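One chain, chain A, links the two complexes that follow: it is found with chain B in the first and with chain C in the second.
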Partner chain A sequence: MYTQDFIDKLKEALEFEEVEITESTNLKQIEGYDSMSVMTIIAFVDENFSKKLTAQQLASITTVKSLKDLIGLDSFSD
Partner chain B sequence: MINPFSLQGKNIVITGASSGIGRSASLVCAGAGANLFMIARNQERLEEIFKNLPPLNHTYLSLDLVNYDLYEAAINNFVSRNGKIDGFIHAAGVLSTVPLTMIKPELFETVFAINVTAGFEMAKVIAKKKFIDPEKGASFVFISSIRAFYGLEGSVIYSASKGAVSSGVRSMALELAPRKIRVNAVAPSIVRTEMIDSFFSTIPEESVQKMAEAHPLGFGMPEDVANACVYLLSDAGRWITGTNLVLDGGYSVK
Partner chain C sequence: MKIATYLPAKVYSNLDMEKDFPEWTATKIEEKVGIRQRHIASENETALDLGYEAAKSVLQTFDKDAVDFLLLCTQSPDYFLPTSACVLQEKLGLRKNIGAFDFNLGCSGFIYGLAIAKGFIKTGIASNILLITSETYSKHMHPEDRANRSIFGDGAAATIIEKEDADKILEFEIGTDGSGMNNLIVTNGAMRHPYDEQKTGVIDDGGNFFCANNLYMNGPEIFNFTIQSIPRVVQNVLLKNNLTMDQVDYFIFHQANKFMLEYLRKKIKIPQEKFYNNILETGNTVSATIPIALKDSVEKGLIHPGNKIMLVGFGVGYSWGATIFQY
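Showing the complex of A and B:
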């Protein structure tokens, strides 16, 4: 998946369409990011990358880039 | 003195017998004297449990429960070897933690297939007159969940499936009462199984801590549920049908 597609899909899943998000955006600092967002990202990554992340792993992420690192850069085409 | 909680000589079918509550139910029921027909997907784990059972007339079958068409032959085979069936525990179950916004229709089908359809289909087959002694009757126990009655974020599908089980048993109890078949569910809150450990990995540690604090007696162990199943399967439970027995360490009292 290309990073921009990833960001677009993630924004849709989290319903953050109105927020400007880049690779360096800290997800946790977005207003409305909460425990349901964590659950949503776990389901999102499972659905799109067939990878099961834990809430503990997600607790360590900050930026979109760090989420990409957690998923694994080999899952990205750019 | 006769022990009313004994399962001595009773033939009991258990789905999901290879792990979690089903595994514990197998060990506890066999310990109470039952002959088991254990059904689960994982052959190796079934063999392992089989080896640990007291040497009665047990048997097991590796079967993916979505193959509903294979139930009748399996039950027929067991009955021809062991005699009529006295009890059934539907312990097979899947847990899905997905927020409403991420739900896909197929996920309902996957979860309901095992949690609801498989249990009710198996009950339908076992309840046939040819498989039950009309004098002795039988007792069916479905492993439902406290989620049938109390909500939790991320548990919409799972709660809906367990709600279906908990309400389905009431109507089934009425339909099968003339055949002397009792039908009940147990509704446990969080029990320490592999399934729950994988659920805990999807929520923050603080949430696990909060959940623990919401249980005055702490989380349950699989044998706590297994023992309740023995009660409902045994002659001690002969006047109980159509109920949901809540097992939650005090979670719902608050």
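Showing the complex of A and C:
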């Protein structure tokens, strides 16, 4: 997946369409990021990458880039 | 199989939640978890009382002297001992030459109840079993724990499983993984960890207050457990019953929350019209969700005599169970 597709899909899943999100955006600082967002990310990564992220791993993420690192850069085409 | 349900009178709506937690909006709660209101037991009302009401109601359609076993599933009993089932034998005026016991399970409880009932009937131990699944998680929750308070509601179901029903409850797939014990737990107040009189608490990242005297749920980890394990459980129960997905007429899963169920449905590829997903008026009532949903499905004409219905329960333990019920 390309990073821009990833960001667009993630924004849609989290219902953050109106928020400007780049690789350096800290997801946790977005208003509305809560425990449901964590579950949404787990579902999103399971669906699109068939990878399991634990609650503990997700507690450690900050930026979109850190989420990409967690998923594994080999899953990205750019 | 006859089912009656009982929900306590007191209601805690999303509008009430909005007042208690101004950072949340009623519509957003409904959108995310699919719940508009939950019924909450009053201070002097316990799971035993809810179970009593549900049982009284189902016994209006079934001779109570014919009941020869009482099973009760709860995680909020009146006493450490005696077991609530014994108290209810007397309160309901059931015969004395019958067995009665509680078992402690959460969201998988109804499926385990069916498995025990089928086993007792098939071995001739009993022939008409009253299965009560009754829960009041509200008693375990901290008032400031908004996440759990938004999801869980109190409620009870009473189910009569007669001899001929045992042939309609087909093969089971059952499982346990105690490694998940800490992800859904009331830590304090029993034998291992005493109740903390100081009620020490912490506020987590999500803004939830948490004290070990109260219910703790690691939502993301429970979600992980569910989406990783339940698709396999569904495949295994199909295999055990020699059925394909298409041959199942309707699917009733434990009604955890709308988001989780919708994700599971898509992942397992169950058509929307064959999948029950409704806890709008009740919230997640733990071991009572499946019988509440089953009764609602019958009343709404979603299932018909002869239909094969897949029932799947999963949660605290971790514990899970699935079976096919031929309605």
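In the analysis below, the second predicted complex is superposed on the first by the 78 of 78 C-alpha atoms of A that agree within 3 Å, B and C clash if a C-alpha of one lies under 4 Å from a C-alpha of the other, contacts with A are read in each partner's own complex, and residues count from 1 in each chain.
What we mean here is this: a residue touches a chain if its C-beta (ideal position, glycine included) is under 8 Å from a C-beta of that chain, and two chains touch if they have at least 3 such contacts.
Predicted model only: the values in this text are computed from it and were never measured.
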Combined model on chain A where chain B meets chain C, clash or fit: clash
Which of chain B and chain C A:Met1 touches, first, second, both or neither: neither
Partner chain(s) touched by A:Ile30 [first = chain B, second = chain C, both, neither]: neither
Which of chain B and chain C A:Ala55 touches, first, second, both or neither: both
Touched partner set for A:Ala13, first chain B, second chain C, both or neither: first
First, second, both or neither for A:Leu70, with chain B first and chain C second: neither
Overlap of chain C and chain B interfaces on chain A (superposed complexes): 35-36, 38-40, 42-43, 47, 52, 54-55, 59
Residues on chain B engaged by chain A in the complex (per definition of touch): 97-99, 101-102, 104, 153-154, 201-205, 207
Complex interface listing, chain C residues touching chain A: 32-33, 147, 205-208, 218-221, 223-224, 227-228, 259-260, 263, 266-267
Residues of chain A defined as touching chain C within the complex: 28, 34-36, 38-40, 42-43, 46-47, 52-55, 58-59
Residues of chain A defined as touching chain B within the complex: 13, 15, 35-36, 38-40, 42-44, 47, 52, 54-56, 59
